[in-house]
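This is the structure, below, for whatever I ask next.
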Amino acid sequence: MVDVTAKTPTIREAHAEAIVACSAPIMAALRDDGVPKGDALAVARIAGIAGAKRTPELLPLAHPIGVHFCAVDLELMDAGVRITSRVKTADRTGIEMEALTAVTVAALALVDMVKGVDRGVSLSDARITYKAGGRSGEWRRETAHNA
Amino acid sequence: MVDVTAKTPTIREAHAEAIVACSAPIMAALRDDGVPKGDALAVARIAGIAGAKRTPELLPLAHPIGVHFCAVDLELMDAGVRITSRVKTADRTGIEMEALTAVTVAALALVDMVKGVDRGVSLSDARITYKAGGRSGEWRRETAHNA
Amino acid sequence: MVDVTAKTPTIREAHAEAIVACSAPIMAALRDDGVPKGDALAVARIAGIAGAKRTPELLPLAHPIGVHFCAVDLELMDAGVRITSRVKTADRTGIEMEALTAVTVAALALVDMVKGVDRGVSLSDARITYKAGGRSGEWRRETAHNA
Amino acid sequence: MVDVTAKTPTIREAHAEAIVACSAPIMAALRDDGVPKGDALAVARIAGIAGAKRTPELLPLAHPIGVHFCAVDLELMDAGVRITSRVKTADRTGIEMEALTAVTVAALALVDMVKGVDRGVSLSDARITYKAGGRSGEWRRETAHNA
Amino acid sequence: MVDVTAKTPTIREAHAEAIVACSAPIMAALRDDGVPKGDALAVARIAGIAGAKRTPELLPLAHPIGVHFCAVDLELMDAGVRITSRVKTADRTGIEMEALTAVTVAALALVDMVKGVDRGVSLSDARITYKAGGRSGEWRRETAHNA
Amino acid sequence: MVDVTAKTPTIREAHAEAIVACSAPIMAALRDDGVPKGDALAVARIAGIAGAKRTPELLPLAHPIGVHFCAVDLELMDAGVRITSRVKTADRTGIEMEALTAVTVAALALVDMVKGVDRGVSLSDARITYKAGGRSGEWRRETAHNA
C-alpha cells in the first residue's frame, strides 16, 4: 500500500463508464419494465453506489477513502446499457478505482437481473474516463466509448 | 429474490472469463515482476476468490450460496491479461454470478495494481463461458474469447 | 449461540412489518416522486433485502442462514409508509430475525431518504407477524397493525 | 448521494432512542439476568455500537463517516427497554442516521436475545431526538418519548 | 480453494484456545470490573463469536461454512486471560479455522479494551486444541496449555 | 467508545509482530513453495493488509480510522514464520490495533494454508512493538522477539 499520510486532502473527482451488451429480448424487457426479477435499472444503480463504498474491501491494496459524492446513471442504447459514474472525495488520494468499481458492480447487478432472460449478456467494456484533482491534475480519455 | 426453497441441492459449476487490456509498458512490468505496488497477479487472484464469496453482498437480489470451490487463473497475453474462473457449489441455485464476480473483481484489483503505470488500462470483456448442473443443464458460450 | 447442528433443514417462512410515520410534506413528496435524494421506495426496498442477508453480521448470536427467498414491499398510507417482508429458508433454524431485520433496515433507509424533508420522521413500529415451519409450527400475531 | 466535498469538517452530535416493548416474562428474565441465550443487555449494547459503524453499508445513499464517539445505553422500564444512543463525529456531514441505526440495531439484537421467551416482543418506536453542529445547528424533538 | 462439493455434510466440532498475557495492573482492573473502556470480557466474548462467523471473509481461501454453534469463554488466570472456543457445524468441511479465529479475534478485542491500562499486553499463544468429525476423525492436542 | 472528536489529526505509526510456530514439514513446504493450497506467504500478506482495514469491524469499540499505509512482511525462520507489520495514519487516533490485527490475521491465513500439512501449527506470539505520534509520543517494546 502506498503511503499517503503526507498527501494533502483536496477535492478529487473521477468518472468511469461500462457497457453491458444485451440481446434484443433483454433490451425489450428493460424498455417495457418487464424484467421478471424486478426493476433492473434501480437495482443496478443502487448496487453501483454501494459498490463504490466497498472498493477498499474488494481491492486488497486500496486505501479506505471518504466517498463524498457518488452518482451512477444507466442509459438504454440500441444493443446494450451504458453505465456511467461520477465520484468525488475531499480525501488524501485519488478516487478513480471507486468510479470504476461503481460502474462494474452496477454492471454485475444488471447482469444478475437479466441473465434469466438471456445468459449471453456480457460486460463488454469498463474504464476510467476522467479524473481531476490531486498532484497529477486533470486527465480525460481521448476516445470516449460512444463518441 | 427468486424462491429457491424447493430446489434440490445438487453440484453446479460455472466458468467465466475477463480480459484486462494493457499497454506495452504494463505488460513489460507484469512480465518482469516490476509493478511498483507489488505482486499484481497474486493480488488479483486472491481478490477474485474473495470477491466470489462476496457476490450476495454486491448483488442485492443474489442468494447467499456456499462457494464450495473457486479457482482464479491469470494468463499474460500479448496486449492484456486473460482472467478465468471456475466455481462450484453443492447448493440450491446456480453459481454463474459468483464466477463472473470472481473474474471481474480480479480484473478491478489488477487495474488497481497497474494503473500507476498507465491509467488507460481497461476491462475490455467479462462474461460467463460455461455452466453445468441444475434444471437447465449444461451450457457453453459458442464463441470463446481467445478462440 | 444455540446449537442447531441436530436440527433438520426444513422449509421455514416468516413475515414482519414496520411503520414509518411521516408528516404530510413527506407523504406528498413520496406520492409525487419528489424526494430530492431520489427514488426513496426503491432504495428502501433494496436496502431491506440486502439487510435480511446481513442479519448474522448485525446480531452477534444469530446463526448464518441461507436466505432462500426475500420480498420487501412498501405501501403508502395516510400518514406513513407500511413496510412488509416475507422471507423463506430451507435451513436449520427459523428466519424470523431476517424478516424483522429486512423491514427495519428498509425503514432506516427510507428515513435516510426523506429526513431532509422533515427530521421528525420516525420508525413507529416493527414486529414479526407470522412464522411457519420448524418444531414450533405456525404462529400468527393476533392484532395485525392495519387490522 | 449528496455532494459533501465542499462542507467543512466540524464537530457534530446526534442522539436517538428506541423502545422495545416486552411482556412481563421477558422483563422478569431481563431483571434476573435469566435470559437463556446470555447477557442480553451487553449483547444489544455492543451490537448497537457496531451497527452505528455499519450505517453506510446498510443505507445505500449514506456517506461513509468517521464515528468518533458512540455510546449506547439500555434502561429497563415497566413494560419494555428504552435504548438511547449518543454519537459524535468531526466529519463533513451529520451523524443522525448513525445514532438512529445504533438504537435500531441494538433493539434488533435485544429482540433476538429474548424472542425465545416470548415471540410477541416488538420495536415500538425509534427516532432521532437531538442533533447539534453543522449548518442547520441545534434541534431537539419536542415530545421526548418518556416525558 | 479445495473442492468440497463431493464431501458429505456431517456434524463437525473444533475447539481452540488463546492466552492474552497481562500485567498485574490489567489483571486488577479486569478483576474489579475497572477497565475504563467498559466490560472487557463481554466485549471480547461477543467479538469472538462474531469473528467466527467472519472467518471466510478474513481468510482468502477458506470456504463459507454454516457456524451452527459457537461458544467463547474467558477465564482470568494469574497473569493473563485464557480464552477458549467450541464451534460446531453440520456442513461439508472442518471448522477448525472458525474455532481459531474466534479465540484470536476475542484476544484482539480484549487487547483493545485493556491496552490503555498497559500497552505491553500480548497475545501469547493461540491454537487449535481439538477436532472431531469429518474424514480424519478425532484429534486432540497432546500438551494442552494449562495442563 | 472513547470520544476523539477533539483530537487533532496527526501522522501516527505503529508496528507489530507475530510468530507462527511451524513443524519441519511445514517449513520445508514453505521453503520449496510446496504448500498444496498455493502461495501461502502471498495469501497471508494480502490477508494481513485486508485485515488491518477491517479492524473497526472486528473490534466493537475501535474507531473507524483511515489506514493510510500498511505493509506486512513474512520471514522464514528456523522453526516458524515471523510476520511484521508497519501501519500509518494521518487520523485522530492511534493505529496500534490495526498493526496488531494485520499480523494476527496474516497469521490466521498462514495457519489456514498450512494446517493440511500439520494441524499442530500455532500462533505463538503477537504483540505491538512500536508506536509513534499522538499525545503519548514514541514507545518501543524493550525485548523484541528475535533480539
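Letters A, B, C, D, E and F mark the chains in the order given here, with residues in each chain numbered from 1 onward.
Note that in this section a residue touches a chain if its C-beta (ideal position, glycine included) is under 8 Å from a C-beta of that chain, and two chains touch if they have at least 3 such contacts.
Note that the coordinates shown come from a computational prediction; the quantities given were computed from them, not determined experimentally.
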Shared chain contacts [chain B and chain E, defined touch]: C, F
Between the pairs C-D and B-F, the one where more C-beta pairs touch: C-D
Between chain A and its twin chain D, rotation from the CA superposition, multiple of 5 degrees: 120
For chain D paired with chain F, centre-to-centre distance based on mean C-alpha positions, whole Å: 33
Centre distance in Å when chain A and chain B are each reduced to the mean of their C-alpha atoms: 17
Contacts with 2+ other chains: residues of chain D: 1-2, 43, 46-47, 50, 54, 57, 60-61, 64
Complete list of chain pairs which touch one another: A-B, A-C, A-D, A-F, B-C, B-E, B-F, C-D, C-E, D-E, D-F, E-F
Footprint of chain E on chain D - complex, ascending: 39, 42-43, 46-47, 50
List of chain B residues in touch with chain E within their complex: 11, 46, 49-50, 53-54, 64, 66-71, 88-90
Chain C residues touching chain D - in the complex, by the definition given at the top: 1-2, 18, 37-38, 43, 46-47, 50-51, 54, 57-62, 96-97, 100-101, 104-105, 107-109, 111-113, 115, 119-128, 131, 139, 141
Chain E contact footprint on chain C (complex, rising order): 1-6, 56-57, 60-61, 63-65, 91-92
